[in-house]
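As structure tokens, here come the structures.
Two complexes follow with chain A in common, the first pairing it with chain B and the second with chain C.
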Partner chain A sequence: MTVNDLLLNENFSAITLPEGDRDISDVYIGDLLSWVMGRAKADDAWITIMSNVNILAVASLADTACIILAEGVTVDEEIMTTAAQKGINILTTELSIFEAAVAINDML
Partner chain B sequence: MKKYFYDLHIHSCLSPCGDDEATPASIAGIGKLNGLDIMALTDHNTTKNCPAFFKAAKAYGIIPVAGMELTTSEDIHMVCLFKTLDDAVAFDKALDSYRIPILNRPEIFGRQLIMDEDDNVIGEVDNVLSFATNLSFDEAPTLVESFGGICYPAHIDRPSNSVIAVLGAFPPNSNFTCAELHLKEKVTDYAVMAQLTEDKLVFSSDAHQLLDIKEAEDYIMLPDDSENAVENLFKFLKDTL
Partner chain C sequence: MSEALKFHFEVDGKDFTSAGHASVMVKKNLRQLGLPPEKIRQVSIAMYEGEINMVIHAGGGVADVSVTQDYVEIVLKDNGPGIKDIEQAMQEGFSTATENIRSLGFGAGMGLPNMKRYSDFMEIDSTVGVGTTITMRVNI
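Showing the complex of A and B:
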């Protein structure tokens, strides 16, 4: 499944989508970035509620397929611009972290 | 210039996790015994014991600084210091609109005692003070500065509630002129991470009981002028001395 495919589920919407054809192979969940850095894997859909700009660095480092901001969390304009420049997909959803993970699991 | 021995991160009995024996007057008294010159009271998300601390500290000849240890929305601890007691009290009031009201459970978290300078309990805070506020790591310094204060990351070398633990690193847009270290190990490494020179890393106790308040060990070189010591301390912390 690609990030574009996930967006067919109306619970998810794109904040930035520079690389919609990235494959999603697994899900990682975490908000403590020092923890996520060493554990999220390439092509993971990373679900978090953290909206600090450092999520971009972590997503780059781990090469995740996309960041998914759960619980309706959004990011400011500056982060959107940087994400688009760095080729980082950011999605948002009103679903809880658990519900988002279950929804992705059903589509994998 | 003169050596000013300091401890800029101390909790009193108002912090839920603070020892009930750590009254503002006792904290000032221990500071005097330990040979400190400047002490800041920094309870979790509150300055309500600062008025008593100011009176007690002045009586002991200690230079008091009013402050708090702010918990940001990301659960990062930040030391916030203010030039005057009034500024600190005003910030405390402004923080009310960012608080997340959750009733304290003293049997689990501890009591939150407001004291006067003579060790009398004059109040108790009902909502738990140490939990996260709705103020973000990015917003906090600006808000604190609008009250004439300074806000810098606390114990950046600790595995919990530190900017590095929560955000993985100092964000690229951060612009701090100082930061607090808990231990003196890896000072060079943390200076690089914080993008600061080593002399702008301050070492405070984060004391939650009287025994943990610092001895006269770490000092800041300031002009020999007690009247303006707080003003000069701020210049040092803001890198404008």
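Showing the complex of A and C:
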């Protein structure tokens, strides 16, 4: 499933989508950045409620497929601009972290 | 490549918003060089953790990366407070990060363990009151 495919589920919407055709192969959940850095795999969808600018470097360097902000969390404009430039997909959902993970699992 | 390719970065200790910049630049360069994605990821993770540590714990520093035929070497040097007990600092979960830093998602005490895990060689040279130099290599 690609990030674009996931967006067919109306619970998810795109904040930035510079690389919508990236494949999602699994899910990682976490808010502590070094845990994500060390344990997320390349091509994971990363679900978090952390929304400060540092998530962009983590997503880029750990090479996750997209950041998914759960519980209706969003990011400010500056982060959107940087994410678009760096080729980082950011999605948002009103679902809880658990519900989001289950929804993705159903589509994998 | 017969001669090592070298990159040098000044890592700003005050600017949290650009923290990780040097690592992102190195990743970009290694991609252009056509290194295998898993190797690039290893270098990216190890270097990012070291870079962010210099920003958070040492007020910034310098990063030197060289790419040879056999490995990518990352040298991170700061003039920060130094690490008193390296063995303790290397343990998963050990952190001296402030509440403020933790609220940004740092301070899990996983950075140094990640650096160890994702590099093939790592050496910490630290003197309290003088600074810290960390050398890591990822074999390619």
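For this structure, a couple of remarks:
Simple rule for what comes next: the second predicted complex is superposed on the first by the 108 of 108 C-alpha atoms of A that agree within 3 Å, B and C clash if a C-alpha of one lies under 4 Å from a C-alpha of the other, contacts with A are read in each partner's own complex, and residues count from 1 in each chain.
Here is the rule we go by: contacts are C-beta pairs under 8 Å (C-beta built on N, C-alpha and C of every residue); 3 or more make two chains touch, one makes a residue touch a chain.
Remember, predicted model here, so these are calculated numbers, not experimental data.
Partners chain B and chain C, brought together by superposition on chain A, clash. In the superposed pair of complexes, A:A57 makes contact with chain B and with chain C alike.
In the superposed pair of complexes, A:A42 makes contact with chain C only, with no contact to chain B. Looking at the shared chain after the overlay, A:A103 reaches neither chain B nor chain C.
Touched residues of chain A were counted for both chain B and chain C, and C has more of them. With both structures placed on the common chain, the touch criterion links A:M80 to neither chain B nor chain C. In the superposed model, A:M1 lies in contact with neither chain B nor chain C.
Touch criterion not met for A:A14: it reaches neither chain B nor chain C. Here chain C runs into chain B after the superposition, and of 27-35, 63-71, 99-107 or 117-125 the stretch doing so is 99-107. Overlap of the chain B and chain C interfaces on chain A comprises residues 32-34, 37, 50, 52-54, 57-58. By the touch criterion given at the top, residues 31-35, 37-38, 42, 50, 52-55, 57-58, 60-63, 86 of chain A touch chain C in their complex. Residue ranges on chain A touching chain B, taken from their complex, read 32-34, 36-37, 50, 52-54, 57-58, 78. The touching residues of chain C, when paired with chain A in their complex, are 16-17, 19-21, 23-24, 27, 37-38, 41, 44-45, 48-49, 104-111, 113-114, 117-118. In the complex of the two chains, the chain B residues touching chain A come out as 74, 136-138, 164-169, 171-173.
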